[in-house]
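We just call them A, B, C, D and E in the order they show up, numbering each chain from 1.
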Amino acid sequence: MFPFCFEWVWDVGHYLFFGAMWYAVIIISLGMTYCVGKSLVDTLNGKGAGHGDGHH
Amino acid sequence: MKIDRRSFLGLGLGAAAGVAASPMTWKLTDDISIWTQNWPWTPVPRDGEVTFDNTVCTLCPGNCGISVRKIAGRAVKIEGRGGYPVNDGGVCLHGISALQYLYDPSRIKSPMVKKRDAWKTVSWDEGLALAAEKIKSLRDLGRANTIACVAGSGEGTIAGLYRRLLMAAGSQNFYTMDSMDKTWKMLIAEMHGFDGTAGFDIESSDYLLSFGTGFIEGWGSPVGNFMANSSRKDRNAKLVQVEYRLSSTAAAADQWIPAKPGSEADLALSICSVMITENLYDKDYAEKSGKNFDDFAKLVTEKYAPELITRTTGIDVPKIKSLAAGFARAKAPLAIAGRGRGDAAGSMMEFAAVHALNCLAGNINKKGGFWMTKDADTMIWPSLVMDDAAAKGYAKAAAGPGGSPDRLFDALTSAGEDETPVEMLMVYNANPCHTLHDAGTVRSAIEKIPFVVSFSPYMDDTARLADLVLPTHMFLEMGEDIHGCASSVKKVTALSKPVAGPLFDTRHPGDAVIMLAKAVDGSVRASFPWESYEVAISEVMGDTWDILAKDGYIKCASQPPAFRPGVDFKLLVGYDGPPAPLGDKKKFPLILVEMDHMRLTSGAVASSPFAVKTVPDTILKDNDILVEMNPETARQTGVSPGRMAVVETPVGSARVKVNIFDGIMPGVIAMPGGLGHFGGDNRYIGGKGVNVNELIGPVIDPVSGLDAAWGIRARISRA
Amino acid sequence: MTKDNHGKAYKFGMVIDLDKCTGCGSCMVACMSENNVPFKENETDKKDSLTWMTVYKLTNGKPFPDTDICYMPRPCMHCGGKGDHGHSPCVSVCPATATDYGYDTGIVSQIYTRCFGCRYCMVSCPYHARYFNWWDPKWPPGMEEYLSPDVSPRMRGVVEKCTFCYHRYQEARDRAYYEKRDTIAEDEYQTACTQACPAGAITFGDLNNPDHEVYKLVKPDPHNCGRPRDPKAFRVLERLQTNPKVYYISEREWVRKAGDNYRKGEWDKKNMLTKADGQH
Amino acid sequence: MNELKRKTENGSVEAEAEAVSSEQKAGEDSGLGLGVLFFIGAFAVCFLSGWLLFPSLLYSKKEQPLNFNHALHVDEMGGCDSCHYFRDDGSFAGIPTTESCMECHESQLGDTEDEAIFMKEYVEKGKEVPWLIYSEQPDCVFFSHAAHVIAAGMDCVSCHGHIGTSEKLRPYEENRLTGYSRDIWGKNIWGIKKNPWDRMKMDDCADCHERETGSKGACFQCHK
Amino acid sequence: MDSALIPEGARRCPFPVFAAGIAVASAVLLWGVYAMGLVWIKGLNQTNMNDYYGFALWIWADLAVIAIGGGAFFTGLLRYVFGIDELKHIINLAVVIGVICYSSALLILAIDIGQPLRGWFIFWHANVHSMLTEVAFCLSLYFSVLIIEFIPLVLENRQLDKVPFFHNLGHNMHGIMAVFAATGAFLSCFHQGSLGGVAGVLYGRPFAFREGLLIWPWTFFLFTWSAAAYGPCFTLTVCKIFEGVTRKKLVKDNVVDLLAKISGWMIATYIIAKIIDTIYWAGVTVSDMGFSFMHFYSDNAFYGVWILFTEIVICGIVPAILLTVKRFREDKKLLILAIVLGTIGVCINRWVMVLQVVAVPVMSFDTWALYIPSWQEVATTILPIAYGIIVLSLAYRYLPMFPQEQELYDAK
């Protein structure tokens, strides 16, 4: 799974498979960091308070 | 500053982050997985220096040479012994799993006495004292002749010591288990007036005509026969099997002659009649030097011409003629008899009829033929010291004539309540309660004997009924002399030696007898001038002992004996058909036969867990035995495969499962032998299937006096 | 010894003569004793019984008295896979590389400490040569003495299979190193079943080496993934292109036909062809 | 996300409802500071215990049955192979048996207390010394000394370190969970390896094989 | 009693009735957990699996639950990537079903291996050429995507929404959900495919083997296609069950009709591809290996041509027709019939591609092997169903899953 793993072989199969996989992981983690980051910023700027009880 | 929910949240997250940043999580994950790779209950075998030890396996009469691989002195693997004349590196599955007999925890670990149906362990001195006391009291009461002993085979120094103990005590009741070798010995004496043992030079014969013989089912020397069977193609030797079912031998044969069960002897005689009428026989041997040849020829050509016996045997005339032609034209034809594995003695008449073929072909004491060899008497026993009690007892006749345990147990069952002919029975290397026909009656006979001593290392069917068990070494723990090799010409005298230290409080059987004799004291002690078996064997074996001690075995001549005794057909002249199986046709329409399967032992010792594991599920399913029958028989009797059924014979009945197989003759059901053992607390082998000998009764052969039964009439119905 | 070990890779294989095999079971027990294979009290469910070497009983299906049977010992075939490139049916599917194809020996290895028991390899093998430890192996007290240190006993939950007694190859290599030799002679590395077979029906050796007995018996065709050129020899399920390393020999035609699957009439057409070949 | 977890989550949600409303009254930031404080404290405790306390808990320390002075014996006998020799079938004898020690130690030779223990407990009783072998590989590993020492010509130090010159046997550390000697997984918890003999895991063998033979080799080369 | 948590304006049954329902489902759940404990502690001998049946009920349950969970990725793909906005009214249900299905699949995979403690070896010592490795990676990754898609819905709970950070997080995640949905769809296409590849690559098993494109056997594409086709059927089935149980209309007809239509056309195209594949497989692939078509469907007690007919015709062609023809689709009863048949169809296909594969004899002297699951296997297969019911009912009660519920209630 990582280059320092015993199983790691630098061949086409690994490039394709782990390439696609790490690509997906990176996109998901970037997406989540963006969301959490932006939400922290929004909360600190006082946005989004006083919601709940149905009056969006 | 107020401790509130948020601080607890911080505490939790902090701890989690701390642990995540430390090696704890991934190290524990890794180690837990490694823990599953090294579970404490998964054994780790100890390493060490590899050494090999040679000895001889005595699980069956084949006596193959085996080589035991050891790691730092502990036996781990049994392999075939290269260069050994009998098997040259090959070994059968029972030999290979011998270590499961050695390290078996259910072995009897020390002498035991039965008190009110419960076993109590005693020391060797107490056990021997008890047995000796019994012998002394019988000798004092003048009933020394009621001491009996049943041993596996009569050859070798250990059996000699047992026989000597009885003679010294004053009894002729020494019995050895029946097998085809006894019948061949009597036949040779009867037809050739020659005192010696029979042997078949199978490796050099180019035409083997076998009448129901399990040539590769474990007959004679199994590994030797396997090698002979494999080299058949190179020696372009033919094998013809006459058998009512497709056994492994019939499948391997070039020609399978499906004769009806019991009609083998008739078929043999009709082949003789064809050889005689088309005079394809060795005139000067059979006719000129043979006696009563004309009467035999007349009987055979008149009553057993091929046309007459096609109905009884089910084989048409051209086939009989082609058999006769093939047999006669072969360079070294050989006809063999002894059904299945040859454990049962077999009918004398049947052996004679088959042997007549060899005589007609004149292939006696010739390369690839039937050999009669005089085994040199290698054992020199010192003279016996008998006091008057011994002499008086010895004078009385044995309870069962002909040294056959069957006759002994017949005498016991027929004897009245008060005067039992046997008051003390010793059993060594034999398991009559399992291997003799009509095992139920044998058991009740033994239960009538007041004092039974068993020398068995395992709690088998006979030891279970004993009052005293003096456990002997298992064959890998002891050395003994081994003579001849069943029905093969390779008469090898060998010396097995202990390859593993005695694991439990057991003794060498020879030592056990010597110690017992010393405990009896008086003239019996005087007849055993050796202090241990080691000394006894070296003295008794005389000069052959030095060669044996050095090489481990002596291979007898590979050339046929020079002297060719003449033949006398008198016995055959009185032939009037095969011995019919017990039971009447109407009540019992089918015939039940025993089927010997290579993967199950049929001798005293039960099969090992490994051997039972190789047994297919068409023979054993959970603890139910399967009987083999033709689809037609199943249709007629209304039983269906995989379902339970009940087999009834005049002697007993049993619940079985049904296995449909095209290769068996309709009207015949075959039950595998070697199952139904009492395994004591060994659940790997005990209580599996049914013992076929519970269902087949003995048929005493009028000529040899031995049990000639090969099957019984039976019926089967849905359970 | 690696994939590209300067061209001296072995290709160990086995030839079993089905006309000599008597179905005695010595090979099965020799294999179990050599490789510490456990045993249970009830081994009659043959689909839950660890027998690396299994002896099948084939029949020609004819009624009495034309019935015929033939015993077929079946070890692991150590398939070379399509094109003999080492993608055996099982090796190509194992998710954790617990089983792998050794290019230096042609033997499919099975590592019991890495296998996590997903049993996908067992499903992929058409020969049923792979066995799963459904139960924790247990030896009666005292019988652990006869376990061999050369093969590690397995634990519950892992798949195991015949390894062509690879530990014997390791021992032969040790002796070769000690005697400063580079190659292994034919008789130095023989499997336990080959050594034990009383009928001498099993032959084992290097299929790449023309002077080994196995090569002489079946004459494997190097350009055709080792397909036997001897008409009496065949491989089981040849048409699935698994390229097994175990060859069978039989004089009997129905036995050779049982080795593979043929639609109606296909076998006779195939025979016409080979007979035609045989003439010229 | 089974039902119980869901319930607790809802339970805490109710508590939070009151907290939120009361907290709004007491101002926003003060609660946060305390939470961070707790966070850092807990983090420090767990971090340090993970790196320092955990290894000592995981590995048990055992003393050898008796001390063995390698240096002395090497002077007396010559190289390692006088006691750790190859048998003629190429297998490696490994740790000498009491019997081979008795070739010299028929009776007490020196005056050390350890030798007295050896004579009394093991020579007289004919027992094997239950040595705790530092470089013992698990049962699934097949290691051929012949391949490495004879064929590859490696010396003992490269895997066993300088045990040959040691006078005292260091305590044997064993992983309580896996049963492995610590020399296998490695002394340094950080996994930093100064000399080749500090750690002998699969990866270490693989690296050396990769360097020397160009490939990690087939599985059965090192497994059994 | 728990009214503070129920979304505004939503009418839910009284808490005791709800609690009773949950209690019943929990009892079944605990029975499954007991069986799971037994299997983990005592080992796989608790099942009736054997050396012929390495894969059995669990692998089928695994494949089937993933196939019917395909509605999540396909509906997500349609809404976020293809922009069919109308589907936003049913996407929440699809996501919740997806989370339940994938968590069940991972749980079953954890139970079904012999050494669960070494399960992570599939990631650490991955063999990239094995289909099962690909399944493991994509399954767990897509499960994380599904959790991400589920979080905004959870954060819309009335109480959680009050916490500003949660409110913002939910809002922001909703914003870039398209990215997650696209990645999820990419991952799903791969692992649905590789579940098909699990059977398709087995060239030792003629019943399962298919040639294919590059390294992917045809079953790779067929499995993705059938998951995408039949997934929505299951989503609609669950929606209809919800409407039946709550006796309330939750999703507008046009949304249901739209999803059904798409699903119908997907089923139609899939069935055509499946028929072509079966014909090619029977005519070329297995006949080269020496097998006749009937070899796989005769002389055994269970598997006959009926199973192929049911899978392709009854549960393939019939739902395709019912869902593509407008007149049938709008008939309430025919719609329910079609979506139920569709769900059954994909389950049969997964059953056949796992259990019939190992049942068929391959060597000429081998025999059919049949198998009956043990109670432990059945209990651990029912466990996800009970767990799914509990999660769905909690989600329905405490989360605003059906945006149109309020609107439909007013309109009535």
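Throughout what follows, contacts are C-beta pairs under 8 Å (C-beta built on N, C-alpha and C of every residue); 3 or more make two chains touch, one makes a residue touch a chain.
Keep in mind the model is a prediction, meaning the values are calculated, not measured.
Undergrad: Need the graph distance between chain A and chain B over the touch network, please.
TA: Steps on the shortest route: 2.
Undergrad: If I average the CA coordinates per chain, which chain comes out farthest from chain C?
TA: Computed centres place A farthest from chain C.
Undergrad: In terms of C-beta pairs in contact, which of B-E and B-C ranks higher?
TA: By the number of C-beta pairs in contact, the winner is B-C.
Undergrad: Let me spell it out: compute each chain's centre from its C-alpha atoms, then which one is farthest from chain D's centre?
TA: B
Undergrad: Among all chains, which one's averaged Cα position is nearest the averaged Cα position of every protein chain shown?
TA: Located nearest the centre of all protein C-alpha atoms is chain C.
Undergrad: Suppose each chain is reduced to the average of its Cα coordinates; what separation in Å results between chain B and chain D?
TA: Here the centre of chain D sits 55 Å away from the centre of chain B.
Undergrad: Could you put a whole-Å number on the gap between the CA centroids of chain A and chain E?
TA: 25
Undergrad: Can you compute the centre-to-centre distance for chain A and chain D, using the mean CA position of each chain? Integer Å is fine.
TA: 37
Undergrad: Chain C to chain E: how many Å between their CA centres?
TA: 40
Undergrad: Mind pulling the residue numbers of chain B that touch at least two other chains?
TA: Correct list: 32, 35-37, 44, 47.
Undergrad: Listing for chain E: what residues touch at least two other chains?
TA: Answer for chain E, listing residues that touch two or more other chains: 115, 118, 121, 124-127, 129, 133, 159-160, 162.
Undergrad: Would you mind listing the residues of chain A that make contact with two or more other chains?
TA: 6-7
Undergrad: Spell out the residues on chain B that touch chain D in their complex, using ranges where they run on.
TA: Those residues of chain B that touch chain D are 1-19, 21-24, 27-28, 31-32, 34-35, 37-38, 40, 44, 47, 49-50.
Undergrad: Which stretch or stretches of chain A touch chain E in the complex?
TA: Against chain E, the touching part of chain A is residues 1, 5-7, 13-14, 16-18, 20-21, 24-25, 27-28, 31-32, 34-36, 38-40, 42-43, 46-49, 51-54.
Undergrad: Help me check something: in the complex, which residues belonging to chain C touch chain D?
TA: On the chain C side, the touching residues are 1-4, 100-105, 107, 109, 111-113, 150-153, 163, 166-167, 170-171, 173-180.
Undergrad: Spell out the residues on chain B that touch chain E in their complex, using ranges where they run on.
TA: Its residues touching chain E are 29, 32-33, 35-37.
Undergrad: Within their complex, state which residues of chain A touch chain D.
TA: 4, 6
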